[in-house]
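Presented sequentially are two complexes of chain A, the first with chain B as partner and the second with chain C.
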Partner chain A sequence: MAIQVKEREHQDVETEQLMSGCEAIAEAIRLADVDVMAAYPIRPYDGVMQAAAKLIANGKMDVEYIVADGEHSQFEIVKHACAVGSRVFVGSSGVGWFYAFEAIAVTAGLRLPVVAICGNRALDDPGAFGTEHNDSLAVRDLGWLLPWAETAQEAMDLALMAWRVGEDKRVSLPVAIGLDGAFLTHSQQIVRIPTQAAVNTFLPRFDLGDRLLHPDNPITIAPQVDQDWLMEIRMQNDQAMRKAHDVVSEAHADFKKLFGRGGDSPFLDEYMTDDAEYVVFGQGTLALPMKVAIRRLRKEGHKVGLVRLKWFRPFPTQEIVKSLSRFKAVGIIDRDYSFGSPHYGGVLYNEVRSALYSQEKRPTIVGFIAGLGGREIEQPMATEIFEKTKAAASDIKSGDTCHWIGVRS
Partner chain B sequence: MHTQLGASGSAALGTAAGLKVLMRKGKLKNEKINVIAFCGDGGGADMGIGAISATLTHKDYNCLVLLYDNESYANTDIQLSSQTPYGAVTTFSPSGTKKRLMHTRWKKNVPGMLAAGHPESRYIAAGCAAYAVDLMNKIRKALELGGPTFVHTLDPCPKGWDYHPQYSQELGHLAVECGIWPLYEVIDRVCNLTGPTRQIAEGRKKRKPVYEYLKRQGRFAHFAEEDVEHFQHEVDKMWTEWLIPGVIPFTIAAKDQTILKIDKKPLHEQKTA
Partner chain C sequence: MNDPKETSITVEVVYRGIFQKTLAQRICRSIVLAARKRGHTGTAFARYGDSPERNGVPAKQFAVVAINDLELEASMAKYEPAVVDVSIAVDDTLVKGVESWAWYGRQPIWKPVKKDGFLLVTSDNSPADVLAQTDEAERPYTLVTVPGGASFAGLWVFKDDHTDYRVLGALARIEPEWVRLDDVKALIKEQTKDESAVQSAQYGYDAAKLRAVKAGEGTSGHEKLQFTKPGWTTMRPGIVVDARKPGERNPQYKKYTARTLRPVVNFDTCIKCTMCWLDCPDECFEVTPEGHYEVVYQACIGCGICAQVCPVKDCIVMVDELRFEDNEDKWQFWKKDHDGYNKWFEAKSGVSADPKVRTPAARQEGAGNANPAANPTSASGGDD
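Right, the complex of A and B next:
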């Protein structure tokens, strides 16, 4: 159901403001007229709740704002508020995300379009606040849509997309936006804030239809089905996730028409790839230091580029195949780990390799684990990643290796 | 809507909050909708006590949490919970050749704890379906008074307690008449004992010995005389030592009785000492 919009009619009245990724999400909450949100403190995601609480205190938005007694309650509260027809927002980070895991799992099973952010943070122990993607990635098999933002602007834009896509009746799945802790949650950038009118055009009112829990619509939700119906229900979730691909594309097209942002592809952001021979592939804020490295290496004559993944779920298999088949070698940078996995690689590494398996023409895919615990990806590390990627190009089997970058001996 | 074990407080809260905001914003017809979350003793007294406690502090939301207490995790094959009575046999606390009693913790005082800890909840009660009218009235009052409210019911369980189903009501009566399960309600911080509990407290009815109750159930069949004595002794304390019988498990020391004469005028009207 594409929306009829005049191209870029609202752009002139957008305002610009310096804000962090968390504050940008809070603005999206205001613009989306969220009904219920539930908060519980854990760094770094909680900057969103702090910013949103200020907006409520200053009368900028009307949201039922509940400070919960823990993450399990936080996610249960919004799940139930969503079931009676509320547009909801929630979030967490690291081990807090894991404390809510049961509620996170059932929310996807129930097909309730809860929108969350996961302020990506290393999982304790040992204690660490810095970014790692294993918290978000832990829900990758459950039926949550998982977009990842690079900038504060993209964080806001993806949040507006999240309600639009998640609440679409063809999808009806929860969405968790990945925001790299500190690098994005707490770094300030200039953000263009859309007008309320434009957002209202983009984002229709949430309507659960005949799934609304209300005395006038007597239904039962989440009964025991056992082996009698579970496979059919799982398959419905699978179909919803398949449909989500096109719904994301549709929303992206409308978003671009209305706001003029979002890039060429809803799923991939390519940087200097037109004539590139060797590219790196990753998600989130690691794109920033890699872009700096690319500009530097290009001056030295190296044909290098970057492909950044914007939606990890649904995984844009066809887009990735089409894009990466053009290159001689691809270095996958995982800001995560998957101990004991094939070739001891990261999550992204193995997913991308799996996507390319049946292709006749495929590049060498080599894995890198970098930036764990929020460690900066510095320029010498970026150079090393490109050098190792280039060296791997001649032998596809050399990709059966995963390099840890910047580890002290 | 079925929810997760331990999530009844959050389910009630989220549902009530959702309905409230949707009605305020005009997205839903404004009408009274009762929100009731059911939980068991496992989901309510053990796993979900934190969420219920939090919900009872959110006075802007109208919802009732109803804890159905059959004193074990009965759905998963009768495992002990914090509501299983002292000494009772469950699949997690069998009586063996070395250990007669595997479960030696006293039952957690849930409604008393919640009433003491949540002064803004307008209604917290303990009931039993064996006293159906008393329980019905309690549910009605909870929903009528509004805000977050809580009712804890004791529900005899033929399978878990090991007795013939025809005795369910009788066992409910005995639990109350032996003084093991007191019936009461706390309305706006005023405690009101109800049913036979009130008669016992006022001296109009004598408590029955706990043996009358214990001997009717297979889960206590392994009790030796000393176990029955211990059980009786603990129940006696509820009636002789607690500040409010069966409700508040502490009291004021004899030497501190003057505390009860505290000046109850507002602060600005009090004379300085």
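Right, the complex of A and C next:
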């Protein structure tokens, strides 16, 4: 359902603010007119909690703000609120996210479009607040849509997209936006705030239709089904996830038309790839140091580039195949790790390799584990990543290795 | 001793959920262990989807015995056996049909029994009475009755009433190639050190009555309940199913196959106190225009709570379910014909409809399985 608007008609009245990724999310909660949000503190997610509370206290936002007794309750609260027709927001980080895991799993099973952020954080123990993507990625098989933001602006934009896509009847699935702890959640950047009118145009009212839990619409949700029904239910969820791909594209096109942002592709953000021979591939804020490195290396004559993944679920297989098969070698940077996985690699590394398996023309895919626990990816590390990627190009088998970058021996 | 002609045998035990779970388990395990004594191998298991069991709702457990491990595997390739050699019902009212889940429909008790197989029923009723309540046979089988009422030996604390031993004895009579009486007796002796338990197996063997049933024999009077499971394209998304509107009953799931006893109401003595209506856990009672409470038999599971809470003696009487042919509401009958209804009430319950007449002896005689131990709510082991 493409939106009928004049291009960028609202942009001249947009305002600018200096705000963190968490504050940008809170602003999106206000703009989306969220009905119910549930909160429980854990950093870095709790920046959203504080920013939203401030908006409410200052009379700028009207939302039922429920502080739960823990993350499990927090996610259950919004799940139930969503079932009775509320637009909802929730979020957590790291082990808090894991404490809510049961509720997270059933929310996808129930096809309830809860919108969450996962302020990406290493999984304790040992205590570490810095970013690592294993918290979000743990739900990758459950039926949540998983976009990842690079900037505060993109965090806000993806949040608005999240309600639009998740609540679309063709999809009706929960969305968890990945926000890198510290680099994004707690760093302030200039953010353009769209007008309420523009957001209202982009984001229709939430309507669960005949799935609304209401006394006038007697339904039972989630009875015991046993083996007699479960495969059909899984199949329905699979279809919803498949449809999500096109719904994301559609929402992206409308968003771009209305707000003029979002890049060429809804799924991939490509940087200096037109003539590139070697690229790196990753998601989230690691794009920044890699872009700086690319500019530096290009001055030295290296044809290097970056492909940043914006939606991990649904995994944009075709787009990735089309993009990456142009290059001689691709270095996949995982800010996560999958212990004991094929080639002892990261999650992205193995998914991308799987996507390319049947392609006749495929680049060497080499893995990098970097930036775990919020460690910075500094310029010498970025250089090393590109050098190792280039070195791997000559032999596809040399990609069967994942290099740990910036680890003390 | 003959060797089996077949390579394996499958036995199912159909039982009342929760109340007879341990009983069914003991029977299935003992079948395998007795067969093991003569060198066979086997497995015993419950239908996983029946759990969590619900009070009285028909459930199944299985025993598969084979001549060797390979044959056992072959017979287990289908986890829930679609065809069984013997179906054992440990409550004769189960012959009125089995409805385990809404989408299973009401299935005839003999549904998985192979041609010329056996339906073994514990019953104090005659084979003719049992057959009269069993669905019309699609293929010939042998009905075997072994003496005994519905055993509610309990789940948590098993109060053994020897039903398992009698059943095993009867099984040895009909499937001697697989389960020999001597092996059954030896097993029971080992397990119980109780000679009377061994004698119960012998009694089951001797007292079992066999009645050949031809295709077409049985009743066509039971309601047909069938259900087609929809596919993923036709199911509602989000694991949503229609709920019932207030006052509406589930047209797909009737629950009456859970019943061993049914409450019969003497409307003349009813004081309209609302207790049955209030306490019924399944909201079975409907208020009549005159303020009486009538049982909706489609929905009643026969738990007996109404009869327990009713303050008027013999106003609600629990009666053997096998004595009833239909699930019609009875208030209309009473409304049209008080005397006719009261005669019917007396015939079924063995209790006088006239409150001035007390007939405790007649009640005991007439009420078949209606002994206190057979009351599911009091026999579930809570007071042990």
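Observations, loosely collected:
Heads up, the rule we're going with is that the second predicted complex is superposed on the first by the 409 of 409 C-alpha atoms of A that agree within 3 Å, B and C clash if a C-alpha of one lies under 4 Å from a C-alpha of the other, contacts with A are read in each partner's own complex, and residues count from 1 in each chain.
Assume a contact is a pair of C-beta atoms (placed from the backbone, for glycine too) under 8 Å apart; a residue touches a chain by one contact, two chains touch by 3 or more.
Please read all numbers here as calculations on a predicted model, not as lab measurements.
Taking chain A as the reference, the larger set of touched residues comes from B, when chain B and chain C are compared. Within the superposed three-chain model, A:Asp35 lies in touch with chain B and out of touch with chain C [touch as defined at top]. Judged by the touch definition given at the top, the superposed model places A:Glu232 against chain C, while chain B stays out of reach.
Touch criterion not met for A:Ile365: it reaches neither chain B nor chain C.
In the overlay built on the shared chain, the residue A:Asp69 is in contact with chain B alone; chain C does not reach it.
In the overlay built on the shared chain, the residue A:Ile193 is in contact with neither chain B nor chain C.
Once the two complexes are laid over each other on the shared chain, residue contacts for A:Ala81 go to chain B alone; chain C is not touched.
Judged by the touch definition given at the top, the superposed model places A:Thr220 against both chain B and chain C. Note: residues 220-223 of chain A belong to the chain B contact set and to the chain C contact set alike, using the contact criterion stated above.
Taken in their complex, chain C has these residues touching chain A: 48-49, 101, 103, 229-232, 235-246. Of all residues in chain A, those touching chain B in their complex are 33, 35-36, 38, 62-64, 66, 68-70, 72-74, 76-86, 88, 102-103, 106, 205, 213-215, 220-224.
Taken together, the chain A residues at the contact with chain C in this complex read 109-112, 172, 210-211, 218-223, 225-229, 231-233, 235-236, 239-240. Residue ranges of chain B in contact with chain A, taken from their complex: 1-4, 6-7, 9-15, 17-22, 24-25, 27-28, 33, 50-51, 53-54, 58.
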